[in-house]
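One structure is given below, represented as structure tokens, and several questions about it will come after.
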Amino acid sequence: MSNVRVGMVGYKFMGKAHSNAYRALPMFLPDVPKPEMKAICGRDPAGLEQARAQFGWETAETDWRKLVGRDDIDLIDINAPSDAHKEIAIAAAAAGKHLFCEKPLALTLADAREMLVAAENAGVKHMVGFNYRFAPAVQLAKKLVSEGRIGEIYHYRAWFLQDWIIDPEFPLVWRLQKEIAGSGSHGDLGAHLIDLARYLVGEFDEVIGMSETFIKERPMPSAMTGLSAKGSKDAPRGEVTVDDATLFMTRFANGALGSFEATRFAAGHRCTNSFEINGSKGSIKFDFERLNELQVYFSDDAEDVQGFRRVHATDAAHAYMDAWWPAGHSIGYEHTFTHEVHELMKAIQEDRQPVPNFVDGVKCQEVLEAVDRSIAERRWVSLKEYQA
Amino acid sequence: MSNVRVGMVGYKFMGKAHSNAYRALPMFLPDVPKPEMKAICGRDPAGLEQARAQFGWETAETDWRKLVGRDDIDLIDINAPSDAHKEIAIAAAAAGKHLFCEKPLALTLADAREMLVAAENAGVKHMVGFNYRFAPAVQLAKKLVSEGRIGEIYHYRAWFLQDWIIDPEFPLVWRLQKEIAGSGSHGDLGAHLIDLARYLVGEFDEVIGMSETFIKERPMPSAMTGLSAKGSKDAPRGEVTVDDATLFMTRFANGALGSFEATRFAAGHRCTNSFEINGSKGSIKFDFERLNELQVYFSDDAEDVQGFRRVHATDAAHAYMDAWWPAGHSIGYEHTFTHEVHELMKAIQEDRQPVPNFVDGVKCQEVLEAVDRSIAERRWVSLKEYQA
Amino acid sequence: MSNVRVGMVGYKFMGKAHSNAYRALPMFLPDVPKPEMKAICGRDPAGLEQARAQFGWETAETDWRKLVGRDDIDLIDINAPSDAHKEIAIAAAAAGKHLFCEKPLALTLADAREMLVAAENAGVKHMVGFNYRFAPAVQLAKKLVSEGRIGEIYHYRAWFLQDWIIDPEFPLVWRLQKEIAGSGSHGDLGAHLIDLARYLVGEFDEVIGMSETFIKERPMPSAMTGLSAKGSKDAPRGEVTVDDATLFMTRFANGALGSFEATRFAAGHRCTNSFEINGSKGSIKFDFERLNELQVYFSDDAEDVQGFRRVHATDAAHAYMDAWWPAGHSIGYEHTFTHEVHELMKAIQEDRQPVPNFVDGVKCQEVLEAVDRSIAERRWVSLKEYQA
Amino acid sequence: MSNVRVGMVGYKFMGKAHSNAYRALPMFLPDVPKPEMKAICGRDPAGLEQARAQFGWETAETDWRKLVGRDDIDLIDINAPSDAHKEIAIAAAAAGKHLFCEKPLALTLADAREMLVAAENAGVKHMVGFNYRFAPAVQLAKKLVSEGRIGEIYHYRAWFLQDWIIDPEFPLVWRLQKEIAGSGSHGDLGAHLIDLARYLVGEFDEVIGMSETFIKERPMPSAMTGLSAKGSKDAPRGEVTVDDATLFMTRFANGALGSFEATRFAAGHRCTNSFEINGSKGSIKFDFERLNELQVYFSDDAEDVQGFRRVHATDAAHAYMDAWWPAGHSIGYEHTFTHEVHELMKAIQEDRQPVPNFVDGVKCQEVLEAVDRSIAERRWVSLKEYQA
């Protein structure tokens, strides 16, 4: 079982989360190939060197092309801003590197498909970073659905609520610029909602959406780091070119009805990534702000004690939890990445594609674009329109 | 301050709730005219007499026309099945009686409008039974919105989830038959959602919906009482002609985005009537299963102690609560009707229309029909289509 | 089945709650003798007449002796301040009246015992007003314990937290004066805790307690109604002669360990009457601020879905709930009194003692006094010291 | 700022948690000296080598005396079973090593005091592992208390509930043997409760307790790892020599009343480490199963919106959180150790004693022993009995 040598492009929020996962994996989940943290890559030499030292990478590269060209690298991890994903991924695939790309895979569906084709043609492994799948509570939801324990699914409703840009003076960071971020709440938060829905319920059949940009202009940022930034009342203003909120409804291929909402304007919600599934035999509720918990209801419980159970998914019976602490001891956000990287390493070990991979990234992008089209054209859009 | 003499048509679930309100009012909220429980009306003499005696009505009538014609009655309370509302209301108005009609006002918008015109022409008071407005926690939500304490509204999401017909063998009761009930989850539960949204956010601008009948055929009922009924596996089957679930999205006139879901297929939810409002200065959450509570968030709380407050709306500072018990002592579902009847009696006393009245009933019906049209025609429907 | 003719002494908070129960009973639970509200009794003629009219009593008496002497009364309901219970109860028993007495039964154990003897000697029915037993969620807890569904009990912990006198300027109302109230949080709140523990776990074996009066002096009240009152900064001060908080530990006869706390100084808790039971096969949690809910855990649930269930005890499967509204519709505080009065009427109908009765009142008083003694003498006190 | 070279004795549950903290510190909180993971020490060579490789220690030692004697070690981290703490700590102090010792400091108060004296005489830094202090939500509680934002403290109640040995067939692991563990729930869980109480409220004045061993005999274990173990029905039985549950009441030096309960027999509670503080101006609630949250109530909130706030203590305003992820992203159990080690390294850097240190360990032990004495002698025990 040889190590997997990793080169990572990006060193901000996601770069930190991925680095932590590579560091934690051999200690907590040592049954898969160990990732070797060979090189970290970014454009700003000073910031990069600090990240390299702090996160524990062996070397640093300021040119991703050079990184991709190194022959001591097996896997390229791409978590730079979304507009950079495509070019790097295609070049890395061409160089025979495995790919681990943050979501959204690309700015457009066409780009995402190009990336998938490139990866498939190159015969490399490819994974997309839908980390929320890897919360043990979400894995439990998947298990309950798969085993038929909540029956046929009637309803799925999901919302991802944040409030970090609710202040109109919050500056125009890159995530609010369409040319870099692709979209706003839709591609950032909605992408996660769509992936979880595909994971738990199945494919989308048709969609219709609506969206809004509540604050149309914001001060230009003077400095920018990750999600936070500093604005100024006197700063020049720029146009917000992405959505602040996007909602849509769907009919799934299996007949279930779905309702989705992504917004950055829900005061009091820092990171409420929630879903509920209602089935013929029971229901499931999840809220990422309490990521260790799953609410589960079974219709066949004795009639005097029916009710949602608050399952603290930290028992040995829950996915990944024997790797961590005794029952009742919560894990945090970053653990989802460690589990994700475990799947990636395991897939490389077993010579199979990891899940979720670029196919999932493309299918998520299809739904994102179908929703966009439904908004632009004010009509229901069938996902069949995206099947060549 | 003379008493208001009431004649009531209907004696099942709603008849019981209304009767209780008339009984409770003079004891707990004695500052308004006392309702005199003169006559109860229904078709089945045996059941009617039992209800009369049990609920405490002076007399019983098996013919609503006779009731309407009695000159010792000031107010006709209509809580018979929805298909009977219109004829009774119009006749009662013609006879100069005040009107208190359960929701939905009628089976169609046209009927509802006819009722409103009749009531207005007759110069009588008219009220429609959107009782959820009268939960003290909902009144608090209204107060916070009205006083601008959560700022400009960005989002409203609401869902009314039940599971009482999730068993495919549950029989085909009248609420599942379009010719009697008008619609299913949409008119029954969605009507409440729409009214609360109008109360808290304002008028709807445009809507688009989707709906489903998951179980298409059910056994014919052998007996039927209120919401429950007894079916049989060997019973003949009949077609379910109403929706099991209806979802829709909206844009409000004030620019807020709305999302609505009404379903009778959400396992584990007996009566989850919930909403959340996100504004520029705060947020509000309500769940009827915990009807004494309101979750409230203020963005300007000190930054280290920001969080949703669980307000137990049973203090003297909360609407109606000084009429009941000391702080911390919960009230129940039926109290919403007592408060509702208080508004009705107070309006009669003050010679003004109660709120909500038939105008609200009509406007609710407009939204219901707009959603139905949007489903039938698979397009966004503007409420302007309903403004003559 | 003849009616039971009631005469009630007291017309404040408890008088209102009892009156409501008598009014509601024949409408919602008509299978028992109907209470006839014959006479209400109090000292202040004006206040009394207002209560009589508002609550719906036929007549009023300003002298309880006269009430007790009336031959058109079957039952005397005593909810006057605690110092008046004994004399009235003994006289009423002597007059052959059934007795329904609010808790605490008397100011002292000796008095309580005298009352029990008097009632037993007179051969009348006697009930004590531990209304919390009659919340359907509490009845469910009792059922689960009785049926062995949570196994052998290891732990019981209970607390009754309020904050209505936390303001040092709140005046010296009668509940803060030992000669009228007997004790403070201990007799008022602790009595409920003790009764619920006896109901759910069984008899106490030994106790040790501690107590405190945090605010030693308060302004004399200028007016007083029920729990609320108006004080003044300039008012003369009087000594608080009861406990603000009392805690104690116990060992139950069955070996379970118990922990109890009653306080009026728990900011944010208006009426948190809570308990938790831990057994060998499961656990139960209750909080009166969410009185319709019971949290239930079963150790033998499938290992991946173990967790506390939030049971909304409003289904038809739950005690009394078929008398009220459909599943999911909450009931309120006063319903516990309606259920309590149902038990009282049923016991009269069946010619048996209601439960809880004066025996329970005496046993509760034994524990209260044992705790007081343990505080005074700073030692464990065995309940055997109270068994003659 | 030179590195701190660490030698660690113990490699099971706590050894893993500490190792993770040393690994995480330089990446997430790099403003303090970096711990160098020089050597790990244990008795079983095979298990030790696996831990060394997995946790990332440079070398391994099977003899702690040899470890203590190494001159390339600055700090000895002691997380072996409790009976080994004293000898190692004293030897390490004599060798001039800084000390980081898990709780409870020792099996007896006398031992703990000896350790403190040894550490003080040697002039080394000493820390004791009360990690729960370092949850950001707990740090927030401390801040609110310290800043007087909840006023004068009236009540403190705390409980640590677990259920991992509730099965009578769970084997007799070392934690159930007095000679190794010192005590059961009391020293293991109660020690944490006592330390948090001292941290948040202050010193104890007097205590009285009770305890129980519900299951007196258990099967001897055939293998043992950390908290879990395998027993067998046919295995020989051994006596359980520690407490399954210990409760006690206290009066704090500042007049507050306290109530404490530690048990391993609370079904459904995997790790419920909870406390509530009631003050004259507000209240605070914490539950470790939701370690990222603090419930906070302020009496001076506007009267219509008073209620406990659920603060998700993951904002930048909360202690340590700017080191981790954006607001709303939960951290886990092990992060408390990372924060704890940060304090340790910072204290070394600043040449001061870390907090909590052996003084806190000794004071905790005083309370533990006072409770034990109060149980043995069935009386209130003053902490003054422990002040020479």
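The letters A, B, C and D name the chains in turn, as written, and every chain counts its residues from 1.
Here, a residue touches a chain if its C-beta (ideal position, glycine included) is under 8 Å from a C-beta of that chain, and two chains touch if they have at least 3 such contacts.
Everything quoted here is computed from the prediction, not taken from an experiment.
> Between A-B, B-C or A-C, which shows the same interface as B-D, counting it as a repeat when over half of the contact pairs match?
Match found for B-D within A-B, B-C or A-C: A-C.
> Given the two chain pairs A-D and A-C, which is bridged by the higher number of C-beta pairs in contact?
The greater number of contacts lies at A-D.
> Averaging over Cα atoms per chain, report the distance between subunit A and subunit D in Å.
36
> Can you give the whole-Å distance between the Cα centres of subunit C and subunit D?
41
> When the C-alpha atoms of subunit A and subunit C are each averaged to a single point, how far apart are the two points in Å?
Here subunit A and subunit C have centroids separated by 54 Å.
> Return the residues of subunit A touching two or more other chains; collapse runs of consecutive numbers into ranges.
269, 306-308, 312, 315
> Taking the touch rule as given, give the residues of subunit B at its contact with subunit A in the complex, in rising order.
Interface residues on the subunit B side: 150, 154-155, 157, 159, 161, 163, 166, 208, 210, 212, 214, 245, 247-249, 251, 255, 257, 259, 261, 263, 265-269, 278-283, 297, 299, 306-308, 378-380.
> Please give the residue numbers of subunit B that touch subunit C in the complex, ascending.
13, 17, 19-20, 23-24, 26-27, 30, 54-56, 162, 164, 226-228, 269-272, 288-292, 312, 314-316, 324-335
> Report the residues of subunit A in contact with subunit C in the complex, numbered from low to high.
Going by the criterion above, the answer is residues 140, 143-144, 296, 298, 301, 303-312, 315, 317-318.
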